[in-house]
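Labels for the chains are A, B, C, D and E, by order of writing; each one numbers its residues from 1.
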Amino acid sequence: MAEQASLESPVWNRPLPDDPELAAQVREIREKHLLQDARPPREVAEKVLGPMARLGRVFWLALIVLGGLTATWLATWAYQAYQGMGVTGLNRTIMWAPYIVNFVYFIGIGHAGTFISAALRVLKFEWRAPISRAAESLTVFALLVAFTMPLIHMGRVWKFYWMLPFPNQRQLWPNPRSPIFWDMTAIFTYLTCSMLFMYLGILPDIAIAREKASGWRKRLYTVLALGWRGTDREWKHLDTTLNIFSYGIIPVMFSVHTVVSWDFAMTLQPGWNSSIFGPYFVVGALYSGVGAVIIIMAILRKALHLEYFLREEHFNAMGKFLLILSFTWVYFYFNDYLLPWYHKEPILTVIFRLFTSGWAAPLWFTMLIANILIPWATLWSRKVRSSIPALVGVALLVQVGMYIERYLIVAVTLGYPELPFDWAVYVPRLPEILITLGVFAFVVLGITVLSRLVPIIPIWEVVEGQLLQGTRRIGRAIFPAKTEAD
Amino acid sequence: MFSSLWWRVGRFVRTSPARLFLLAGVVVAGALALSGSAAPAGTTQPIAFNHQVMVQAGVQCLFCHNDALRSPSPGMPSVELCMGCHKTIGAGRPAIKQLADYYARGEPIPWARVNYVPRFVYFSHKVHLTAGGLNCENCHGDVGHMKVVEPVARMSMGWCLDCHSKQTNAPQLRDCVICHR
Amino acid sequence: MSELETRLLDRGQSAAAAPKTELPSHKWTMLIDLDKCTGCNACVVACHVENNVPIRSEREVIRGHGQHWIRIERYWEGEGDAQRATFLPMLCQQCSNAPCEPVCPVYASVHSERENLNLQVYNRCVGTRFCGNNCPYRARQFNWFAPQFEGPITEMLNPDVTVRSGGVMEKCTFCVQRIRRVEEDALVEGRPLRDGEMVPACAQTCPTSAIVFGDRSDPQSQVAQRLGGQREFQVLEHLGTAPNVYYLKAGGSDGGAG
Amino acid sequence: MADTQLLGLFNEAASTAEVIERLRRAGLGDEQVSVISSVPYRSRMLRRPEITSRISAVAGIGALVGVVIGLAITFGTYLLNPLPVGGQPQFPIPPTLIVVFEVTMLGMMWAAFGAFLFINRMPVFGQPPFSEDVVDGSIGVLVQAEESRSAGIERLLREAGASAVERFDSSARANNRTWIKVMGGTGAAVTLALVLVLLLAYDVIKIPFPTNMADTVSIAHLQGPRLAAPAEAVPVQGPVFIAGQPAVPQVASSPSSIQRGQVLFGINCLMCHGEKGQGNGRLATYFNPKPADLTGEKVRAFADSDIFLVISLGSGQMPSLAENLSPTSRWDVINYVRSLQK
Amino acid sequence: MTEKISRRDFLRLGAAGAATGVLAGCTSPRRWVVLEPFVRPPEQQVSGVATWFATTCRQCPAGCGVIVRLMNGRAVKLEGNPEHPLNRGKLCARGQAGLQMLYHPDRLSGPLLQSTRGSREFSAIDWNEGINRLFQALAKAGPAVAMLGGATMSDHLFDLFSKLLAAVDAPPPVIYDLYTELGGYRTLAQAMGQVYGRAALPAYRLAEADVVFSFGAEFLGTWTSAVRYGVEYGAFRSQPYGKRGLLVHFEPRQSSTAVTADDYVAIAPGSEGLVAGALLRLIADGNLGLAGRAESARGLAPSLDVEQAARECGIPLEALQRLARRFADAEHAVAIPGGALAGSSNGMHAARAIEALNVVSGNAPAGVNTTPPDLGLARKSLNTFADVQSLIARMRAGEVQMLLIHSTNPAYELPEAAGFLEALAQVPLVVSFGAMVDETAVWSDLILPDRSYLESFGYEVVSPDFGSPVVSSQQPVVTPVFDARTTGDVLLTVARGIPAAAAAMPWDDEVDYLNQMVAGLPEAAYPASTAEEKRARFQQHGGWWPAPAVAAPTLRPQPFTVTAERATFDGNETDYPYFLHVYPSVLLSDGRGASLPLLQGVPDPMTTIAWQSWVELHPATAERLEIRDGDLLRVTSPHGEIVAAAYVTPGIRPDTVAIPAGQGHQDLGRFARDRGSNVVQLLGAALTDEGGGLRWNGVRVALARTGKRIATASLESKVGVTEGLGYE
């Protein structure tokens, strides 16, 4: 005899079964699954909006530190632009390194957000609901940073507008053959659409915040909500638009990192010109991205007291996700590794030896440990996956590993062109280090501030999810069940 | 102090959005004023030199700018060349007196530049006059009727390309090296 | 308007009726006979002087910012005490399929089909350095800092060549300013170019005449004559960049041509 | 007469659906009634007619526009500046595909967003008819009706079990002042940016950057201080004069030489010596004695080297033309003068 | 009276230095908005069109003809003078860099006075006073005047100096500098004198040679006229009908010449003569080669045991035999004695032994086998180090009241053991004519800066002459950049005050002098009738040379003996385990190039190092002492020690270390100051056994690490070129 998720009585005051044993089961289910653990919307909204408005000492401290680092970044950039690129450790052989590494890394980070919110939305993974917005905000800020990287890297940045297609007196337009131009279009598309996607999702929540907030927040939200009321028409249109974005943004996401990989694959640099780079980079991006999302989740959970929303089940799922991506990444990396091992093309062999036994070996092995050994050794166990500190630790290692991987590809491999006379080694100098620190700080800063301005947990999606969740009883056992509404 | 400034600007705009357009106008005007886009100082010459008179008297452009036919640069007449005629012609006039003073002092006349192309543009008067079959007017306007010479064209890259694509006999400027080295 | 100018103008208009004048095209080619290269560096210095290539300070050189449009690459051959050095003058190979060109987002690195040269337009360059990465010869030099010319040294800068600013990529141009000069003269005098009329600074000064330069499309030119010998090879030929700089292996001689 | 809006609040979907049914019977069609909720309810739950969204169609159109723009950017460039690079064809297909793809997606999604705003008549910057209870889970039924019928409708709502009924007059919906402010502001900012970009693009505003190479340290032609080689130095083309020796003709008289001479004569001599060299140029009037008649006996008697001397050094009122005529072209002029004398 | 003179001449000479300070504001980029016309237009100069002037390069003593490209009145490029018989339109790196001699930012503007020597505190005085002081000092010093000159001083200046000194019956100028010493000019010339009876710098024609044996002669780097030898070498490599000459090079270190050689033999240092002797012996005993070779060899070959010789030289015997056969069989075989051997203890013997090979092959070098026509021109004769020592002795003995120093830098170039600076302290007045403050100028009281060679007149009788005499002309091509004055004019001005000198030097300035000299020259290759035309054409063509004529060899080699043994080295093997191989840097030559950024900043061909000096080590040595590139080593010789950075290279014998000359300046401008170390400080002042040359190639050294390390400013990737791709 199944108990329907009744529309007669609102789900959030569904009574417990009278039978204590069954009640115990239901309670267990509820505390395990967010969507089963329905609470009245007022309460849910309060859980999100409450901490948002409370700005503690920690917040201001973080704001000052991160803001300071960000300021250092901008100052260093100005210094570098004024002095010339020579202040960096780049040399006549290695003309790309630090900023392009960051570029690739942050584009990569930017992939997870869209993937989680768009792809999982399409696949109707309901558990993603509380994660998605944090992930999206990560995407947005990572992309913002990634977008500045090529500019910081330019020798005459004040001429950057020559890379944009606009009518001009010299009748000269940018070159569509250049991978940099592809980058520009791809990243611009990805960035703007991610922002719009995120904004659409936020609208109903802002409307909620509008009702709850007061003072300047009220005014702000009144403007930001664009007059959202939540009529059934609006909901319908929102649903359609979000679907369009979800389906549209996934191919863009794949294209973006593929294009980034083409920045390298299109050259004649040994170790770069490989056709596998496209998918390899995409997977690598997702790998590091999902890791980053896990970290952000943990931080937000702590900072905003979101224990109710972000539960073990989410970290567990993300952990599995990370493991799967690790497998995939290794598959591609092995492909890329096998070739120089197998055939002895001289210059490739040189680079190969460099990694396995040369001066780059420490980096390379750290990378392998952080990217393969540790995740594989730990993530299979549910205990690790569901313990937040452990999982965050692994995720951090993955970040390190993936950063090193990019560093090896860009900054080290580039030092070994075909003619041995020109081989070189890149050693970072202070400006790059400061700027890199600064951009990391900026991403965190951005998310910190954003999480205090807009509901970082999509209230309506959670409530909707809860609305459609129920339990099914078979014999003496009760299982979570989902009502397919359409 | 700046904060208060910003506040004023803010209020100024907030009262009516239309004023923001006004502000925009101001900013653009300021940018224009500050930028080097005003025609290179051509108007104030050390000596009030009148091209019109010279040309009407039948003096050729190339008599004074006598390098134009044999060099990329048009050349400027030496003070001696000016004096060559003007020790006789119009010796009494004040401008000529100025000229004579320069000559007597053995100082060059610091003529102000009128037409300007950047240094990374390599334009050859020689080629355009001889092989190109152009004449001075095509680019410099009817100097013969200017008392004070002013640039008639903003000599930008688009301007060059236009002429070279319109003028059927002018070679197409396909490779950048024709002008940029 | 004056008689002369009317005459010139008439000529202009009569010419205006004529079809589009096509500037003559060339296949500029450099031939470096490694059998004659003595690594004396005369070409390097000549190039620096002719093209306003800045000399970088010791500190810069240590940091790998040494800047030479042509450099003598010294390799070692053989094993142990039998090791012998060899010289390989390396400069922009003026590839016909230049990898540096398509990657430039602003068309600062373009090809001149007429001159068969690989051009770098300094004033267009924004300094992404993509071209530099993509050059397998590492022939492209980046201005890591604005060049410093101390005191009167500015007087000896060649006015025919732009003095590059900081943040700009530059490279050997086969002394294109000289090419243009002789071409303009020929154009004015209405005659074709003569072989040997155009000589880049390096070839001009090379004491042993190891560097030969000319227009390959003219079968009578010295270059065309000497191409296609046994010793001929190109650096990194397998990459398919189709360079216009040919090398002759050391240890042999093709007779006649000095 | 003005409409009023009545917002009835209900606790769960079922009763809402019922109310809607009643209202329909009361003759209030779906266009006058709308349901407000902080969580999306499916139409079927509320017995509302299926809404078909046209946004997908608009997005499709946007995609098409994107294709067009992408093609315009790429092919526009290929056509506008056909600069050969890396031995690639003038119209390379693969790069075009990449760019077009990205721009297409861009167009699609931007269009979708725009359509979303347009269809929902957004943005509205003001407090819409809404109730905090909706946030707290109630479902609102918003009825739009004439003032006259409002009382009846309110009764109907209450009978149907509305926990509360609120009235709004329709003017409260849109807050025009803020709307103008915000939209006007954004519009102004965008236009300002656009104007600036175009001014820059067409070099109306030229910002003299420190490192653009428009001005360099190398010495330009005609740039002071003008220096010359020492007078005693002899260039490789040889001295113009050798003291105590007559100048030897460097250019033999030939049609081409005479033609060159004619042009140069026209530039440098004609204004005084006249078209045919009879000393009757337009400037002749200023001089006394008049400029020499080059076809006259006196000049005929001159040796070529003498004429060369006169041109180079000038004589009497005639200025030196050394600056105007390089030694070889002096001989061209002499040859032309001789041809005049024939 | 002097007042009157100098004022009058100041007015006259003043005109020349008119263009002082024209450089104001030219250094900073600014918008160029003023179009400046000439006041009086120069002939044959069109704005924007280049004008070319022919003159002579003075970067080394060879005297190549150059043409200068003048744009807008500035010299912007040097090229070889295609007409010039010596270098035939070609130029070397040093020649190309000459423009920076002209536009060097540290050149002196106007004379300087130094109150206390070595204080580097100079006070500017005007030319009037400077010339006065010189004149008064001369008048006071009487015969107690000495002059020390360098080989790059042009001959006309040498003539004026010697005339002036002769007028005050002072001993003639002493011409000596490190460059010619490292090139072995003097010793080789003497050797030629012993062999052919005419002591002149030999010039070897390689263009038609089949085999060339080069005994440590870096003739493609720095030796005598590297440019001309480059031209010869180019022809030598591709001779008509596909013939290609064979080059064998004997040297302990791989120089760029060794690299280009087909067969490089790393012989033990100081064994060049021994090798030559052994070759002679082998040819003689083995009856090798074409008819007559063996006979003439028998007449010359020294008595030695070939196996032992081979062992001493470090060449396998069969290799030696192969080489002997090669040489003897070649129809046109040439042996070149280099500078290195001239500086070793047995320099003269070695040179003779090597020249004997030429006698055997019947190829006497050009320049010594014909007597050139008398041109009526004075020309420098180089002095030996012995002469310098005697000069130093005179100075120490206080017999020198006044020392004039022109275009040489003894304070830097002479080994400390020579005791120049101590002796200098005994000289009341030291006058330096250097254009920049160099080490010697720091120790002088009065500096009368001379103009650079692109600003002044002169002539140079080219040596080595390759068969036909050449007088290269020097003319000012730009308006003087700094307020410097040609020493010629200064001397003539001063001479006017000294009756005897005034009689001996009747010219009112050096232009006048030059006209007189040129007027006396015989028929040239180009037509020139009157004296004026002669001078004009002389300047136009960049010199005087007769129409090419086949000069028939007039001098026969005369009997001489060949002794072959290995050179001796200072320092015993245990304390000083390594031979020191000093060589002139291809770019900085003997150090005068160090002032030019163009030469400092261009990488050395063998090490690709710029801006630094280094010690070349064999990898084995490096391994033994655990030395890596860039380690600062203390190099100790019996005579001194320097600290220099290590550079490990396979291109050197394990028992030898090589250090280039040229770096280690305390002065000579901002670009040279405090860079690297000066190898001369390791040398003693000992003479060679014969001929009185400096024995600079006879020192052993010890190496020790200082523990410090510097980054090597090299262009190459050491890893890349040594390990490479693993399959090369």
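Definition applied: a residue touches a chain if its C-beta (ideal position, glycine included) is under 8 Å from a C-beta of that chain, and two chains touch if they have at least 3 such contacts.
Computed from a predicted structure; not experimentally measured.
The chains in contact with chain C as well as with chain D are A, B, E. The chain with its Cα centre farthest from the Cα centre of chain E is A.
Nearest to the global CA centroid, when each chain is reduced to the mean of its CA atoms, is chain C. By number of C-beta pairs in contact, B-D leads over the other of B-D and B-E.
With centres defined by CA atoms alone, the chain at the far end from chain B is A.
Computed from the mean C-alpha positions, the centre of chain D lies at a distance of 62 Å from the centre of chain E.
Taking the mean of the C-alpha atoms as each chain's centre, chain B and chain C sit 34 Å apart. The distance from the centre of chain A to the centre of chain B, each centre being the mean of the chain's C-alpha atoms, comes to 56 Å.
Within chain B, contacts with two or more other chains are made by residues 36, 58, 60, 62, 70-73, 75-78, 80-81, 108, 110, 118-120, 156, 174, 176.
Within chain C, the positions touching two or more other chains are listed as 2, 4, 66, 73-75, 99, 102, 104, 107, 110-111, 113, 122-124, 146, 149, 154-155, 157-163, 165-168. The set of chain E residues that touch two or more partner chains comprises 26-27, 31-32, 34-38, 41, 46-48, 71-72, 74, 715-716, 721, 724.
Taken together, the touching pairs cover every possible pairing of the chains. Here chain B touches chain E in the complex through residues 36, 40-41, 67, 70-73, 75-81, 102-103, 106-113, 116, 119, going by the rule given at the top. Considering their complex, residues 31-41, 46-49 of chain E touch chain B.
Residues 156-159, 161 of chain B touch chain A in their complex. Those residues of chain D that touch chain B in the shared complex are 82-83, 180-181, 184-185, 187-189, 191-192, 195-196, 199, 203-208, 212-216, 218, 220-222, 224-226, 266-268, 270-271, 281-283, 286-287, 314, 317-320, 323-324, 326, 329. Listing the residues of chain E that touch chain D in their complex gives 19, 22, 26-32, 34-38, 41-48, 51-54, 67, 70-74, 457, 475-479, 511, 530, 532-533, 536-537, 539-542.
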